[in-house]
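Every chain is named by a letter (A, B, C and D) in the order it is written, and numbering of its residues begins at 1.
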Amino acid sequence: MSTRSIEPAAVALAPGTGGGHDHPSLQHHFDNLEQQKEASTLGMWLFLVTEIMFFGGLFTTYVVYRSSWPREFMAASSTLDWKLGAFNTAVLILSSLTMALAIWAAQVNRRKQVVFYLIATMILGLVFLGVKAVEYADKFEHHHVPGPNFVWSEDAHGEGGHAAAAPTPEQAAFAHHVEIFFSLYFIMTGLHAVHMICGIGVLAFLLVPSWKGRYNSAYHNPLECTGLYWHFVDIVWIFLFPLLYLLGAHAT
Amino acid sequence: MEQELPLFPEAASHVAPQVDALFFAWSAISIFFTALIAVLILYFMVRYRRRSVDEVGLPERAPNWLEVGWSIIPLVITLIMFAWGARVFYNIYRPPSNAVEYWTVGKQWMWKFQHPDGHREINTLHIPVGQPIKLNIQSEDVIHSFFVPAFRVKQDAVPGRQTQIFFEATKPGVYHLFCTEYCGGEHSRMIGSVIALEPEQYEVWLAGGPAGRSMAESGAALFQTLACDTCHREEAAGGVVARAPELEGLYGNQVRLMDGRTLLADDEYIRESILDPAKKIVAGWQPVMPTYQGQVTEEQLAQLITYIRSLGQQAAASDQPPTAEPAQPEGQ
Amino acid sequence: MNTSNTVPHELPPPDDLVDQPNYLNVAYGLKSWLLTRDHKRIAILYMISVTVFFALGSLFALLIRLELLTPEGDLMQPDTYNRVFTMHGVVMVFFFLIPSIPATLGNFLVPLMIGAKDLAFPKLNLASWYVYNLGGVFTLWAIFSGGVDTGWTFYTPFSTNYSNSYVVATALGVFINGFSSIFTGLNFIVTIHRMRAPGMTWFRLPLFIWSHYATSLIIVLGTPVIAITILMVAAERLFGLGIFDPRLGGDPILFQHLFWFYSHPAVYIMILPAMGVISELVAAFARKRIFGYKFVAFASIAIAVLGFLVWGHHMFVAGQSLYAATIFSVLSMLVAVPSAVKVFNWTATLYEASISYETPMLYALGFIGLFTLGGLTGTMIATLGIDVHVHDTYFIVAHFHYIMVGGAIMGYLGGLHYWWPKISGRLYPGFLSRLSALLVFVGFNLTFFPQFILGYLGMPRRYWSYPPEYQVLNVLSTAGASILGIGYILPLFYFAWSLKYGTRAGENPWGAVGLEWDTTSPPPTENFPVIPVVTREPYDYTSEEVHRRTTQQEVPVVYQVD
Amino acid sequence: MSEHSTSRAVYFLTFGALMVLTAATVIVATFDLGWANDVVAMAIAVTKALLVLWFFMHLRYSTRVTVLTAVAGFFWLAILIFLTMNDYATRETLFPFPGK
């Protein structure tokens, strides 16, 4: 809240808005809390629109390349462990629930429960990142990380394996297209993970004010906006899971 | 024919008149509307200039039909012009069945052409007039773009794909060939010319070029058409960093190689450097020279060697100090 | 050019006008400026940053024009020329044209025009300026350590595999700069939706606000796509991935799709704010309501929405399918209609108006003429048959400079001259400013009209050397560029001069209608002593109350005829 | 957003529905239905996204402008994907452009 040096002499609030004492969290340029809440919610949604278009570029790339090489994407996807993916999806959905309950708790003025649910959401987020770390480790081990030392042999099929006989042009092209799948896999899930980390950071930032009881039924904007962001990150994973993991499920 | 100030390109292909007609129509429309707006503004500026400090404009009275009018009219005009443009576009991109296939490969800063009968050229393309030509275009590295202004055709060379353009020369002549998709350092030197010849002259040219010229002269002409001079040339030309050793005064002198050996630059060394350049690299130079194996016939090879030998004697004659030691190229 | 026929009479500046508290003298010192949350101060900070980048971009432009004086490039090596035209593109597009009007005039005026105390998120607004400068630092570092030679379009596979210049640094600079654009756009949309003064309905909003609303829609919906595209290029260079690498089967044309999805709407980000400024100028100096207000307002929204459907017209010859090229060509014709509607409505506004010829009006009239030609040539280029011939030639360069320089920069300068009294409380010299407007108009046309001819002759873009027959037209163009340069430098001087010596501008030096003219100039920090209640239509010059204000008010000397 | 809050039961119900749908998409994926696999997977994903948007993200109580913003976001993504695919889908089919 900015306390400014010169208070304008006659600040006459526009007629008809709730005047009286100002809520400590009301910023000077808003007329009332309602206007401030709607402004911050709309602002958050607009930020989420930019996030939709940000991930949208990757989804477009995915759609284009998958339509060009369905077989290669299916073969590459079959090396991903869809059970871990499913488990991660469940973890994220549960974290969405705890996030929503955190906001509910603030609305009914139960600050202890707000803190509890926030911590639960953070722990679930960390579990999700842990599982991702396990998956990435597996990729490094199998040389499935795109780049100079990417190895993909048709017969080895997932074991990574040593360099087989010189691949035929078709196999080389196949391996290249598989490498592009893994490039997309790493950028999409990597970007999603970075958003998770930022989300956890913001949640941590909210713990102290929540503990102090600053968020109550009248004012809980920061919680609401963090909730919107967290649910959005969950939605991105909801689309990532089937597109990346479930392609090859019926092939195994 | 270097005109002093050309204001309009030649129309030398079947589609050029159609493109020009479309362009003139659109230019006329543009000039008409721009002039209309300019005249209206100037008239209003004078007619309704402010006469006293407190004068204000009258409220608007015009009905909505005016508003609808100048929404519909531009839409109709643009859609008509779109349809006309689309028809011309399909004329450019749909070759007739009797089109002869030529190939071109864009490589960083040169065009390599191949005729239906296997004849190869670099940076210049000889084509017969009146014969529809389908040119298959590829690229070895980045995106280039095959553009002949006189034919009004352009098509990007996309690496990893083969794209195609169709044109039919209608007028013999030498026409500019440009690369119009930015492709790096010497994008502006990746130019050449498309030479449209009467069908008979084209056959003569195909047969091996004009007879009666001395071996050295044919060699010199070949040196140009094979674009050897894009790399082998004196330092000063256009300030471009030389990419290959100078050939003046090379013949008959010692040459130090990368691996330290020094040997005499004789016929055999020149022949080998043309057909398999990577085998003996002169000290201090990069192995960038492409092989001409299969691009030069035995007879053309002989012409090139006589030409380079003649360069050697000229240098000795004008007792220019033979530059056996190649100039050290700056780090590229 | 007859000077305005208002009766100039000298008036000693009333004493109370001098030390009235306003946003400039409310606090002094670096800290009060660098940590300000006042949208007006942030507008001025942006004005300084944007001017610095405009100067840098113009320097590159001058180098290009000097280089092209001779067919065989003599001024610099081809590689240096490639870096110069690339940096001209990057600096001008991302660091001047996109932020110029929204971040300076928009930041200053959006709250003022809708009767709000400030933008919805003041801290975000300040962050936007810092992020803009951070992006600028990255790009400047890239420039001074060697520059990038991929063209401002970063086409792959050249930018990812073959260029050994500072591509990642510049890409990072542009990526970060994108966020400053998003923050401004987001701020405007929320402010316009949520913080209008009582009585300010949507159809009482000035057209400046409508055009900035449409611009912000494009910014929010388009900018993230170029952010991810540039991130992919950087990832490909740094980690050897192969998304656009043809050797791995990647498709360079996919990069062009993603790039132009943002970069075409970006040209509407650059022109729509200028259109908003022109609507204000024409209304103010014709003292008449804009003809067909609703049509002009919805035309801005139509341009914003249709602008997202047309990007394929940049790729007609790039290897796109014929069918897609046809679809994009039709859609490009649709997007030309709202621009035509705007031009006709501006011209119709002048009918039965009371036009005066101050400098802003000269810029506005120049804008309308040049934008008409720019828009029509744009529609020509969107026609399939012509684009095959003129794609990537100087015809395209001439078209987009007619829109960007003839349109956006004329709009920016017009707006700057129109609101300068409100921003600084000072008036600038009339004759000198009109002279600079004339120089800009003449210099501009001499620079870029020959390029239309060069383009159809077939001279390709981005060429370091060109066939000798194109030299005469290039020399003409360079001559025009020097006149244009002088035209741009003049305002720098007389604006600075006016800060100290300019006569004081009263509350409403032009006798215009608008909430920003109802407060003092320069305005107080919270914009209005009392939040205004809006009852009148926008640009309502005929109402009694306005008549009284524009006549009785002691109009201080509008011009010293020096 | 009006001051009333969603009751906890609604959140738990939404959570349950999302878990069921996740299980469903996994099970369906194990059968080889050819191109139908993608359609079903996307249908389920969209349903789950709508559930999250409507209940968890309180679109249910949001103002018309906020709902419009959310819809616009996804619609513009559709424009990007649709018009880009419009090029790739017709590279070789409608007009015999020199494809591979």
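Convention: a residue touches a chain if its C-beta (ideal position, glycine included) is under 8 Å from a C-beta of that chain, and two chains touch if they have at least 3 such contacts.
Keep in mind that this is a model prediction, so the values were computed, not measured.
If you take the mean of the Cα atoms for each chain, which one ends up farthest from subunit A?
Here the answer is chain B, farthest from subunit A.
For the chain pair with the highest number of C-beta contact pairs, give its two chain identifiers.
After tallying contacts for each pair, the winner is B-C.
In whole angstrom, how far does the Cα centroid of subunit C sit from the Cα centroid of subunit D?
Computed value for the inter-centroid distance: 37 Å.
Just curious, how far off is subunit B from subunit A if you go by their C-alpha centres, in Å?
Roughly 50 Å separates the two chain centres.
What are the residues of subunit C that contact at least two other chains?
193, 221, 225, 247, 249-251, 253-254, 257-258, 322
Give the residues of subunit A that touch two or more other chains, as numbers and ranges in rising order.
38, 42, 46, 49, 52-53, 56-57, 60, 64, 68
Using the touch definition from the top, which residues of subunit D touch two or more other chains?
Residues 65, 72-73, 76, 80, 84, 88, 95, 97.
Please give the residue numbers of subunit B that touch subunit C in the complex, ascending.
Residues of subunit B touching subunit C: 2-9, 18-19, 22-23, 26-27, 29-30, 33-34, 37-38, 40-41, 44-45, 48-60, 62, 66-67, 70-71, 74-75, 78-79, 81-82, 84-90, 92-93, 108, 141-143, 145, 147, 149-150, 152-156, 158-161, 163, 176, 178-189, 191, 238-240.
Within their complex, state which residues of subunit C touch subunit D.
193, 221, 225, 253-254, 257-258, 261, 308-309, 311-312, 320-324, 327-328
Can you tell me which positions in subunit C touch subunit A when the two form their complex?
Interface residues on subunit C, with respect to subunit A: 21, 26-27, 37, 116-122, 124, 182, 186-187, 189-190, 193-195, 197-198, 220-225, 227-229, 231-232, 235, 239-243, 247-251, 254, 257-258, 524-526, 529-531, 533.
Which residues, counting only subunit A, touch subunit D once they are in their complex?
Contacts found on subunit A: 37-38, 41-42, 45-46, 48-49, 52-53, 56-57, 59-60, 63-64, 67-68, 82, 86, 89-90, 93-94, 96-97, 99-101, 103-104, 107-108, 217, 224, 227-228, 231-232, 234-235, 238-239, 241-243, 246, 249-251.
Once bound in the complex, which stretches of subunit D touch subunit C?
65, 72-73, 76, 79-80, 83-84, 86-88, 90-92, 94-95, 97
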